[in-house]
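Just below sit the structures, each encoded as structure tokens.
Here chain A shows up in two complexes: once beside chain B, once beside chain C.
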Partner chain A sequence: MRKEVPMFITILAALMIVFGKYFFLGDQVKVLNNMDKYFNISGTFALLIGLISLTMVHGMNIRRRKEGWYNSVVLLVVMYGYLLLGLIEGNKGTTFRWIYNNAFLNLDATMFSLLAFYIASAAYRAFRIRSWEATVLLIAAFWVMLGNIPFGEALGPWVVDGKDWIMRIPNTAAMRAIQIGAYVGAFAVAMRIILGIERAHMGGRS
Partner chain B sequence: MNPIFYLAAAAAKKPEPALGLFVEKNVGAFFLMLFMTAVVWVMITRARGAKKIPAIRKIAGLDAIDEAIGRATEMGRPVHFSPGLGGVDYPETFAFFATLGHVAKLAARYDTRLINTHRNNYVYAIADEIIRQAYLEAGRPDAYNPDDVRYLSPYQFAYASGVLGIFQREKVAANIMIGYFYAEALIFAEAGYQAGAIQVAGTTSTAQLPFFVTACDYTLIGEEIYAGSAYLSKDPVLTGSVVGQDVAKIAIFALILLGTIVANFNNFGAKTNFLKDLLLK
Partner chain C sequence: MNIFERMQKIDPRVIYIIFFLVLAIPVLFPAPLPLATTKETKMAYDFVEKMPEGSVLWIGADYGPSTVPEMGPVSKAVLRQAFKKNLKVVIFPMWQDGQALMQNFAEEIGKEMKKEYGKDWVNLGWRNEAVSVLRLTTDNILSATAGVDWAGKKLADMPIMQNLTALNKDQVAGIFEFMTGNPGAAQYLERVVEPKGVPMAVACTAVSAPGEMPFVRSGQYKGLVNGLRGAAEYENLVGKPGKANAGMGAQSYGHLAIMLFIILGNIGYLLKRSR
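This part shows the complex of A and B:
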């Protein structure tokens, strides 16, 4: 029963979505919207599991006085404090928004800005000329970068035209090839799940 | 007449079924889906009947997973596995689930610590169950540590900073990333590279693939991640579905070729592109 019931629900939900998507049922949009609602409701329960997991992991850190345990104290205080504030003020409350805008967003932007440095170090490794493929990559990347800056434009229209050609033809062709393959692959996965061949997501082997 | 009346009239117009049965503009897609279903079904049936089906090619990235875990075992350091940002509505996440069972079982067998981090609550709950089951199947239920399956944060960069912290503190020897990734892909891959971890990554996100190719030792490109369950388990029925997927891909390629010919030869004198009309009906 542990496998059969989730299997049955999976197949039923899949068929409802397929029918709602392709067949004219008159009110098919409502069917799909309702499915989205069920998904969101079940997600709220799953969020609680995440909250419990964080509490357990960091509670254990504090209890065992693991290295850096005081960070776990900060995490739990902030997590439950912010949750409490949200419950009291609502997500549009002045203090709630102030903390979000002045603490969270800045921390988020700091992590995002790390990408600039990581791109530089990754690009350095990628562009080192070790093979003819790396040489092609270097030339193409150099041309695209040149075509995106005012200096490249000043050199002549051929720089921008060349950049556009690289982005529009070989780049798009490669991306679409990967995407088509991925969509077909995703379809095969969906088939395997509906047919009950792939059951890894039910906590067991395929 | 005020244009607003035209808009109101258009909004009030009830949608009509195409061919009396289908949602408009979905007929072509439905028959394409039916065709692909038939192809995959035939291959699965052939595999179930122990009939001969073509073998799937060697995928270096999937072979490298065993090597990565082996290396972590030799070094006595943990393995980190991330599914990226995708939720359970992403097919890439199911590729992650399929690979996770194999990785967890190997980790249990070799007594290597597996740290699995998450930003999605659904995926976290399922992954926890998969790992628990894998340790049980490997005969090591005592080695399963629920603290190593971690829900870090639902926010992208908060999750990324949590993973970076784990790389630094826990000194991971292997980093496996299979799923759907966004901007955090390069943050993980570069941080893993700098930590000296052997890295195996796979995604279908074309925007993040170049970063993985650059920073990781092995990359699974696009649909290769979906072959994971068949390739690693060597189950003939699962392999049949992967072969079916390849046949469907060839058929789609033929359709693209036909579409290109039709478009370039001026639709053979027809006023409209019949192939496009047929597919978009």
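This part shows the complex of A and C:
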């Protein structure tokens, strides 16, 4: 029963989505609308599960005085403190928005901006013309980088025209092939799940 | 270690310091750089420009603080253009951060252009599992959003919502989607653009642009604003150069620095190999 019931629910949900999306009657009785509402409700419960799980994991870290346990204290204080502030003040609250705009936004942007330095260092290390393929890749990358900045334009219109051609023709062709391949793969995985061949999501083996 | 090996193995700390200076100096002392407009950016600009006065522009705010340097300036430029044309702006975030970020930008531009919240623009707010909520808005906006905006204010009382009940081509002139990943434009294509026939233009980060380009070629996007450069072009089209133009200096010198390092590394590699 532990396997059969989840499998039955999976198949039923999949068939309902197919029915709602591709059949006229399904559209008329608004099957997808109801499915979306159920999805919203279950997703909201998942948020609660996340909150509980995070509290349990970090609570355990603090109780057992694991390495870096004080980070867990900070996490729990900030998480519950901000949650409480949000509940009291609401989205529009002055303090709630001040903290978000002046702390979170800057911290998040700082974390991401560090990537620029790693990318610069990684590009320097990785881009070596070891083969013809690598050479083509390097030329394309240089051309697009140069075409994206005013200095490239200053060299002549051919730089920007060339960059646009790379983006519009070879890039589009390659991206289409990758995307179609990925979607065919996703369809195959979906079919395996619906037919019960793939069971990893239920904790079993496929 | 000989000179060729040194050229291939520059200390990362040296790269970081040079890169920091190359990025920081143009930001601290911005100098305007000439910039031509690419076809895709002009298409996106014209898409909004051709909307009839008083019609609804649906804005998808699907990015976070990490991409504000790229997405913030173009968001402001589009809002400025929309308010200038007296379009009614409806903000719908599928990213939780998009709600606060676009609210900040709309408040700033709205105040500058004397636009009133609830009458000229509204923020529908983020909901959990927002992709499902997006599809539900194509049927009934009030039902999908539980009838309240981002701050819990009743939508039914707002003048902007009096003639707007659902996201479809009869009520919404177009969508301008600001995206950096998933959920983003793909969800709009699948749930709104194709089934409901609402046209859409997209602004995305430069790193996402290669993946989005096929949809411009297929005609499914009515325009594409590509990264910081696209944002700078859009600012120029709107006639108010801002942070994107200022950032182009940093991007330009940053690109040149990376290219120089790569050239240096390859010269070292080729010379060492030839020996």
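As a working rule, the second predicted complex is superposed on the first by the 201 of 206 C-alpha atoms of A that agree within 3 Å, B and C clash if a C-alpha of one lies under 4 Å from a C-alpha of the other, contacts with A are read in each partner's own complex, and residues count from 1 in each chain.
Here is the rule we go by: a residue touches a chain if its C-beta (ideal position, glycine included) is under 8 Å from a C-beta of that chain, and two chains touch if they have at least 3 such contacts.
Computed from a predicted model, the values in this text were never measured in an experiment.
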>> Once chain A of both complexes is superposed, is A:Q179 in touch with chain B (first), chain C (second), both, or neither?
In response: both
>> Contacts for A:L195 in the overlay, against chain B (first) and chain C (second): which applies, first, second, both or neither?
In response: first
> Is A:V57 in contact with chain B, with chain C, with both, or with neither (first, second, both, neither)?
Replying inline: first
> Does the superposition put A:R125 against chain B (first), chain C (second), both, or neither?
Replying inline: both
>> A:R168 in the overlay: touching chain B, chain C, both, or neither? Say first, second, both or neither.
In response: second
>> Touch test for A:A116: chain B only (first), chain C only (second), both, or neither?
In response: second
>> Just checking: does A:K92 make contact with chain B only, chain C only, both, or neither of them? Give me first, second, both or neither.
In response: second
> First (chain B), second (chain C), both or neither: which does A:F187 touch?
Replying inline: first
>> I'd like to know which partner A:M7 touches here: chain B for first, chain C for second, both or neither.
In response: neither
> Overlap of the chain B and chain C footprints on chain A, residue-wise?
Replying inline: 39, 43, 47, 104, 108, 111-112, 119, 121, 123, 125, 175, 179
> Contact residues on chain C for chain A in the complex?
Replying inline: 10, 12, 15-16, 19-20, 23, 33-36, 38-39, 64-69, 97, 99-101, 104, 125, 127-129, 132-133, 135-136, 139, 150-152, 206, 209-211, 213-214, 217, 227, 229, 248, 251-252, 254-259, 261-262, 264-266, 269-270
>> For a test of understanding, state which residues of chain B touch chain A in their complex under the given definition.
In response: 15, 17-18, 21-24, 26, 29-30, 33, 36-37, 40-41, 44, 88-89, 91-92, 94-95, 97-98, 100-101, 118, 121-122, 124-126, 128-130, 132-134, 137, 146-147, 149-151, 154-158, 160-161, 169, 183, 186-187, 189-191, 204, 206, 209-211, 213-215, 221-223, 225-227, 229, 233, 235, 237-238, 241-242, 244-245, 248-249, 252
> How about chain A: which of its residues touch chain C in the complex?
Replying inline: 30, 32-33, 36-37, 39-40, 43-44, 47, 90-92, 97, 100-101, 104-106, 108-109, 111-113, 116-117, 119-121, 123-125, 127-130, 138, 142, 145-146, 148-151, 153-154, 160, 164, 167-168, 171-172, 175-176, 179
> Given the complex with chain B, which residues does chain A contribute to the contact?
Replying inline: 18, 21-24, 28, 39, 42-43, 46-47, 49-50, 53-54, 56-57, 60, 68, 104, 107-108, 111-112, 114-115, 118-119, 121-123, 125-126, 175, 178-182, 184-193, 195, 197-198, 200-201, 203-206
